[in-house]
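For reference, the structures are reproduced in the following blocks.
You will see chain A twice below: alongside chain B first, and alongside chain C after that.
Showing the complex of A and B:
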């Protein structure tokens, strides 16, 4: 006799556990509330940070310091940091190679999980920056040939590449004297532009962090993490 | 015990039970309707997603490389196979599939063109909103007539285009494509190295997808369906 009574009493007790019986709208609103809060937390705390996929990097065909042909396809699968300059650049000229030197020196402390990092300096003064001049410059800057490549090519192709593709201004004022905006570009292994640093001396820490983020995304994008990364891109979880 | 004590109560209070059962029945009915509606919507969603070949959640999975937040391409004007000057703006409202090659191309170009032909076959009637354009990077040898003959043998809707070096560089650079002439054998004449990717522009002229060389026509058609207006 006790058993049926106890069973019958149970549903009433469970309804009173919180002092009220949560109705359907209340449950719906609390679920929605939790979802919104979760999303808000994801966007503000940003547990996953990504670099924007700005646009497709430009295509090019240039020659390196050995006179060999180098194209954008040769860097597929590597993370590439570009800068644009000319070697006869003197006194009041934005000095951008120093940043690449520092990045090259600090590549050891960076763990990209096997993804090669390459540095590419493109000279927009092919008349004076011959392969020999590029070799001399590479030696002077202490460039590791396995990491740092110096490129140049036909003037109209350079203008389409640097001016058109990377949107970086340069102009030859007088023969051998260029005016240009200093800029660095980071392109990922799929050939997509991921970061632009439009300043003469960017923070090397920031560049190294960005390279690390690109490499991390490549390694972590598996299974459910794919959706998390897509969400991070969707909600602009960019590093600050 | 319960049965005995319950029945007199319900019989005793005549007015209240008349209202109360009605309420519970209609409430249950609404709840059932709501649950049924939700289940129906969920089932419909699953069916629609599956029929489109999409995953249940998230954006469609593309075979090609997706370009996120693509800026509109700058307009370009090239000479079409009928000798007319045509620009990208002429193709607004259509998906434009761009391939860069040349008619003397020994292996890579015909292989890709055949895949593009398969893609059109797979698209069927949806193909009317897709324009395949082969841009020749060999304007010296590819006259409009020759190029027209070459592309239409794959599909009558295909268009061929070409232009000067300066015009071509303006298009190729922003699509991540390079090309360069180099010496071949006397039998083949000079050859041209070029990126063998296929670029897909949406109806607003934005670069949306890049297919690497070797993507099958089937995969390309599947991707294009997600982009069709």
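Showing the complex of A and C:
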């Protein structure tokens, strides 16, 4: 603009502005370089964090504290946190229902955008943990019937579900005396196992964060964000 | 600019392109396939790992049944110069996940004639899953030199029909 005379010469020396004229390989390598850098930035900064889709959660057919039949399909659309125990579990037996109590108490501070969160305790001692015993235990633990369900069923079904489906070990050493690995499992609304906590005392903050991440993914997966979430899964952008 | 011979130029371009392609492929595939060192499944304290406790499977090492006849997990504790347990019996057709750790020095865990081959590092749990299809016997050995009794550090897996 300041040098109107130079305008006529401009098309001839269009490469002058950078001091060189970028050739095709240079442009190609720059584009590739920027793509690679962008990819590394995406996987190191991890702007989107997801929980891994570990495997499909197992199906089951059990009975609840009211004696009614309950299947895994009844929890479709809900985020479910499972624990596996038996009601006569006293020290040094690893007690895990306390964590569910705390999660239940803190569900109010969690905004899942309308996705229900359910807690499910599965007892592997059907001989003693009858529906009445489960009801009594639910009352004792202050379980909200709308949130927290207690299930049990036939021994071989429980073995296939807990040992086979969730890979959680338990065994009856003496009648009524079980040896088991304390574990919690988080299953999403589509029935996919998203997190395993193989400890007696998991961090409730971590469980609540994981529930929030699962709910966020459901709500945010729209339009272009769909591909971003798929990329996050592909490049293992898991929370640390 | 210095003069570079035409054939030299072709070699330079080919080698630089190859290196770039391999580098990018390695970077991307390591994220896509989640490449990781096969050792750190879990961290444990080697000083207390052998102590029996309700939540410590290594306190009572051995085979544990997940689904009868189908799915098992084996907790194996390595120490100088033996494995606990020395003998594992599983039914044919079962899938066994091995969790192995050491309570003293570095050991190895190899089931002969299978793909199971792990370094056993104190403080870390090594994990591998294998399916035993046919009834036969397998030897498992320590294949990381661990001291004067190293050669006697072995055990047996018996796949029963």
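As a convention for this text, the second predicted complex is superposed on the first by the 230 of 240 C-alpha atoms of A that agree within 3 Å, B and C clash if a C-alpha of one lies under 4 Å from a C-alpha of the other, contacts with A are read in each partner's own complex, and residues count from 1 in each chain.
Assume a contact is a pair of C-beta atoms (placed from the backbone, for glycine too) under 8 Å apart; a residue touches a chain by one contact, two chains touch by 3 or more.
The model shown is predicted, which means the values in this text are computed figures rather than measured ones.
Student: Who does A:181 touch here: chain B (first), chain C (second), both, or neither?
Tutor: Touch status of A:181: second partner only.
Student: Tell me which partner A:160 touches in the superposition: chain B (first), chain C (second), both or neither.
Tutor: both
Student: According to the stated criteria, A:32 is in contact with first (chain B), second (chain C), both, or neither; which is it?
Tutor: second
Student: After the superposition on A, what does A:71 contact: first (chain B), second (chain C), both or neither?
Tutor: It touches chain B, and chain C stays clear.
Student: Pick one for A:94: touches chain B only (first), chain C only (second), both, or neither.
Tutor: Touch status of A:94: second partner only.
Student: Is A:56 in contact with chain B, with chain C, with both, or with neither (first, second, both, neither)?
Tutor: After superposition on chain A, A:56 lies in contact with chain B alone.
Student: Between chain B and chain C, whom does A:169 touch in the aligned arrangement: first, second, both, or neither?
Tutor: After superposition on chain A, A:169 lies in contact with chain C alone.
Student: Who does A:199 touch here: chain B (first), chain C (second), both, or neither?
Tutor: Only chain C; A:199 stays clear of chain B.
Student: After the superposition on A, what does A:43 contact: first (chain B), second (chain C), both or neither?
Tutor: Touch status of A:43: second partner only.
Student: Intersection of chain A residues contacting chain B with those contacting chain C?
Tutor: 160, 164
Student: Along chain C, where are the residues that touch chain A in the complex?
Tutor: By the definition above, chain C touches chain A via 20, 24, 27-28, 31-32, 34, 53-55, 57, 64-68, 70-71, 73, 97.
Student: Going by the contact rule at the top, pick out the chain B residues touching chain A in the complex.
Tutor: Against chain A, chain B makes touches at 1-2, 31, 34, 57-59, 65, 67-71, 165-166, 169-170, 172-180, 193, 195, 207, 210.
Student: Under the definition above, what is the set of chain A residues touching chain C in their complex?
Tutor: 29, 32, 36, 39-40, 43, 92-94, 159-160, 163-164, 167-169, 171, 179, 181-182, 199-200, 234-236
Student: Applying the document's contact rule, which stretches of chain A touch chain B when the two form their complex?
Tutor: Those residues of chain A that touch chain B are 1, 4, 8, 24, 52-61, 69, 71-73, 156-157, 160-161, 164-165, 190-192, 227, 230, 233.
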